Amino acid sequence: MAQLIDDDPRIIEFDVRTDEMLVNMGPQHPSTHGVLRLVLRTDGEVVSEVEPHIGYLHRCAEKIGENLTHRQWIPYTDRMDYLAAMNMNLGWALAVEKLMKYEVSEKARHLRVLIAELNRIASHLVGMGAYGLDLGTFSPFLYAFREREKILDLFEEACGARLTYSYITVGGLTADLPPGWLQKCEAFLDQFEPIIKEYHALLTTNAIFVKRTANIGVMSRELAIEYGCSGPVLRGSGVDQDMRRDGEAIYTAMYDGYAFEVAVMKDGHYPRDHEYPPVPADAVLGDCWHRFFVRMLEVVQSMDLVRQAIDRYSACKGTIGEPLKLTEKMPAGDAYLETEAPKGQMGFYLVSDGSAIPWRVRARSSSFSNLAVAPELCRGCLIADVPAIVGSLDIVMGEIDR
Amino acid sequence: MMAAMSATGLVATALPLAAINWHSTFFLLFAVLACVCAVAVVAADNVVRMALYLVLSLGATAGLFFLAGAEFVGAMQLMIYVGGTLVLLVFGVMLTAQAPFVSIKTAPGDRALAGIVGASLLAVLLLSAFSVEEWRKPAAGVVGEPTATPIGMALLGVRVDEPPAHAPAGVRSGYLLPFEIVSVHLLVVLVAAAYLARAKRRKTPRAIEVAASVEPPASVAAHAAIGREPAGRSGSVLVGGPR
Amino acid sequence: MISLIGSTPLGGGLFAMGLFTEPVSVAHYLVVGAILFTAGIACMAVKRNALGVLMGIELVLNGANVNFVAFASPYLQAEGSRGLGLDGQVIALFVILLAAAEAAVALAITLNFYNNHATVDVDRADDLKG
Amino acid sequence: MAEFLITTVGLSEWLAWTVTAVIAAVLVLNVIAGGALVFIWAERKIAGRIQDRLGPTRTGGRFGWLQSLADGLKLLAKEDLMPEGADGMLFRLAPYVSFCASFCAFIALPFAFDFIGCRLNVGVFFVVAVLGLEVFGVILAGYASASKWSLFGAMREAAQVVSYEVPLGMCVVVPVMLAGSMDMVTIAEKQAGWFTNWYLFHDPFTFVIFWVYVTCAVASVNRAPFDLAEAESELVAGFHTEYSGLRWSYFFMAEYGSMFLVSAMAAVLFMGGWNGPIPVASLLGLSEGTGDTANYFVRLLGMFNLLGKATLGVLVMMWVRWTLPRLRIDQVMTTCLKYCTPIAAAMFAGAMLWQLFLPGGLVPGLDRPAGEIREGWLEGPGGRGAAAPAASDEKVAQVISSQVNP
């Protein structure tokens, strides 16, 4: 052990006697993604310790869920990961359906995939743009939002809302797609595809971006698993896990027949289904660059999935069916289901006493676990690396604080 | 108001304004600035303020150099002296910033004593400054454009300027040797400064102790840490990833 | 503006001394140099902060420089006098350079002092007394 | 100007000089203040266009011309806040220190042959020195704000500026060496004629060192990707976190003033100053001495040349800012100490050797005024000789030979 620490090139002794300083980063800080407060213990520019303080956005969402019927709680799930509200709706709806052993129609299933994957693109676009902002470049942020706006336009047309949709609901979806929507969606995908190259040029392969992210905040496989990280953060460390493939049957059944490859580095390379920029030489598996890159890959992956879903959905005859009644009684018992939200594995747990109102509701937030690893990653980094690392975890405070 | 205006008009008419000598006026401006700021350095207690006054004083002195036609020396003063003071300022902030705006007070007795001694010293200096007739005579007038060429040539060992009137023959040398000596001297200082400021790799066992101390305490309440006395322990920290 | 300055007692006094109207002489510079020098000496004597002492040294050197430049300047010489000529300026130059070097060394000393005493108060440097 | 006032208007001499000085000062001040307004507007429009949006569109007509002015009014009306623990005097003083440093440097900047505040014999040196003073305001602001973020910003700025002055100085010395003068007017004059005479294209070394200069200049005026002192994603707003209203805007005027200044420096040192790429004036038969009106026209043309080049430099800085992410502090220092400084030193040596062995350049046909430089060194060596007549060239040569070969 002594030998190990001694060889650690990170340990440097300065001649100057220095004092440590406590700095509050947040809750009002440009790069803490909402109201996260980080208390940094720094020695000059070097951060020796980071402690996240959360709870500034706590709204008792879980407790509210215990006073509403299952479908009435859907709008509250919107406000968890408000950047991927569709996926939150989906997670809760599936959990309730699991308890009720309810199965939605084939057409609704494909529509759910379509909508959820489209929202995954939107969420990753925000993550990508905001990450650029964290590293001090503003333009990619607006490029990302420009495309996200188009997705929001599509959503608006489908369900009338642009941020908090409540579209996917228990027993199906609130409405079917309006006519002509699919063509618009395809048009969007066609024009969006070449723009991804722009993002790669502006960020992924940019020399300064690589310098700022490669080999920064390296998280080993073991660390990622120990802290319960999930989603792109987990896959960025090289762990091959994706709930859409490895999850419970009721969830994976949704993706039955869909071809997609989990965006993770296997045998030293990423999936080669499309043309991607090469991994820079400095990047180490598990660093900020890889987490970012996995997100970029998932954007392409989700585009593929959306295309497939469009085909399947339009091939389906009939209607998507009606969602369950607001007061539909649930059987007594409990159910827990984790789904693959854009930020990671989002779990919902509910216990029912036989009424329409769940007796207990709990949510397992992916961002919560992903943020928990930040102190480990930030130990010994520079102040400028703190936004880079926290940004690469792509957290949403609405989901952490619930 | 009216009285002030009429008084102004009176003075304005009474004084030979046409004979304003701008050179002298600017001299006065810079001289007053330099002197007042120099005194302020003595009077101030806060290091950063002292440094600010010092910078202003040095800058005003550079202005005096420009007025005296020593443009190169003036620019040099701005660049080196003032730049050097900048570092001083940074050190001032770093070394005394345990609490905001700490000042190490001077005892009033010391100050009074210094005032007396300083006043007498100033008196002696002023006496000598005014003692030579030649120094008191006003300047003869404007001479040709100053150039930095003679200084440059002199530093290369060649004198192209006119010798002073009373200069004995044979003592006019270039400054190549001093120039080289100063260069080497500065190099030595540079190396020494780099040596002092360099980051050292830690030898053996203390690494463990330090690495352990970097580990977070079991419950690090920020408030408790804020209340902690500034330990001032010799810094040894983890820097970045394995770059 | 000038008349405004002239209307104040101080400004009027300066006018009376001919400071606005007469060309400056070497003695003017010498006065400035003397004040800077005295301020520097006082600073060195009075300050307990090592950095303050350092600033005093800078002021002293600067005061000396003012004299050198004044004696060297052809602008300031009276009729028939040529002063030091170039030599004064070159010496002033060397003084500036060496002052920079001196500041570096002094700062290093201060830094070591701070490392050993956790203060820059020079009165605390009394470890050597018998 | 002053002569005109004395002879034509009949003002007394001191009044004429005062009026002239005030007019010149106001002009230069307007270059900074007006320039800052225009550049801020341009920055917003450019940033908008780069980012696929429009930028300001409404205020003052179609293109939002008056947006900066409206912002200025807003800043004027804004409450001036000061943190409770701040050092009041330093906090108030800091923006002015920054602004004054930026303003003072314009004194020695030649806009055209005679359009210069004060033709200093050591102009280049002066500008670099004074520009370095701007950092004082930043450090004072950072210290006096009593905010940790401000202090971080100030310390970063100090480290960065002190480091980048070294390669910047080396870059600046190269044109000085080629021209044999530190006078910016002389340096620009030496590059008259076609653009091949620009020091940028003088030899390969100067071409490389120009880009080093650009890097260092961007770093020394704190623009992205080197804007660590105000890195908004890390340090909230760095040294001006606690500033608001007019004081805050002074920092910005200083920043835009310095941006313009270093760009104008690049134009004078490497891109011929007021000499355009094509010597339009001399092709038209206009040159110095063909009459007052012609002279004036030539100088006006030269001024637009210089302003154009400097503006181009500023626009490039904006382009860079809206494209690149920010470097980290250690990477900024690495860039300076491991890349810029050695490259600048090597290029300096290279340019020196080139000047020694190939003073006429590789292409013999080019009319390059480089060869006459060495004689130029000995011009006007009377130096400080007050009463004595300026020594002639022969005399200097004689002095030199007598001292070099005793």
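Letters A, B, C and D mark the chains in the order given here, with residues in each chain numbered from 1 onward.
By definition in this document, a contact is a pair of C-beta atoms (placed from the backbone, for glycine too) under 8 Å apart; a residue touches a chain by one contact, two chains touch by 3 or more.
Worth saying up front: this structure is predicted, and the values here are computed from it rather than measured.
> Where's the contact count highest, between which chains?
B-C
> Report the most central chain, judged by the distance from each chain's C-alpha mean to the global C-alpha mean.
Smallest centre-to-centre distance to the global C-alpha mean: chain D.
> Let me have the rounded angstrom distance from the C-alpha centre of chain A over to the C-alpha centre of chain C, please.
Computed from C-alpha means, the inter-chain centre distance equals 64 Å.
> If you average the CA atoms of chain A and of chain D, how many Å lie between those two points?
Using C-alpha averages as centres, the distance is 48 Å.
> Just curious, how far off is chain D from chain B if you go by their C-alpha centres, in Å?
Chain centroid spacing, chain B to chain D, equals 24 Å.
> Can you work out the whole-Å distance between the CA centroids of chain C and chain D?
30
> Which positions in chain B are in touch with at least two other chains?
Within chain B, the residues that touch at least two other chains are 17, 19-20, 69, 72, 76, 87, 140, 143, 150, 159, 161-162, 196, 232, 234, 240.
> Hunt down the residues of chain A that sit against at least two other chains at once, touch-wise.
15-17, 382, 385
> Residues of chain D that touch two or more other chains: which are they?
Correct list: 155, 330, 383-387.
> Going by the contact rule set out above, which residues of chain A touch chain D in the complex?
On the chain A side, the touching residues are 21, 23, 29-31, 44-45, 132-139, 142-143, 146, 202-203, 206, 208-209, 211-212, 382-387.
> Would you pull the chain C residues touching chain B in the complex into a rising list?
Touching chain B: residues 2-4, 6-7, 12, 14-15, 19-43, 45-49, 51-52, 54-56, 58-59, 62, 65-66, 69-70, 72-86, 89-90, 92-94, 96-101, 103-105, 107-108, 110-112, 114-115, 118-121 of chain C.
> Quick one: in the complex, what on chain D touches chain B?
Listed in rising order, the residues are 12-14, 17, 85, 87, 89-90, 93, 120-122, 125-126, 128-130, 132-133, 135-136, 139-140, 143-144, 146, 151, 154-155, 158, 162, 165, 182, 330, 377-388, 390-391, 396, 399-400, 403-404.
> Report the residues of chain B in contact with chain C in the complex, numbered from low to high.
Residues 4, 7-9, 11-12, 15-17, 19-21, 23-25, 27-28, 31, 34-35, 38-39, 41-42, 47, 50-51, 54, 57-58, 61, 64-65, 67-70, 72-73, 76-77, 80-81, 84-85, 87-88, 91-92, 95-96, 103-106, 110-111, 113-115, 117-119, 121-122, 125-126, 129-130, 134-143, 150-151, 154-155, 159, 161-167, 175, 178, 182, 185-186, 189-190, 192-193, 196, 232, 234.
> Residues of chain D touching chain A in their complex?
For chain D paired with chain A, touching residues are 47, 50-53, 148-149, 152, 155-156, 224-225, 227-228, 231-236, 322-331.
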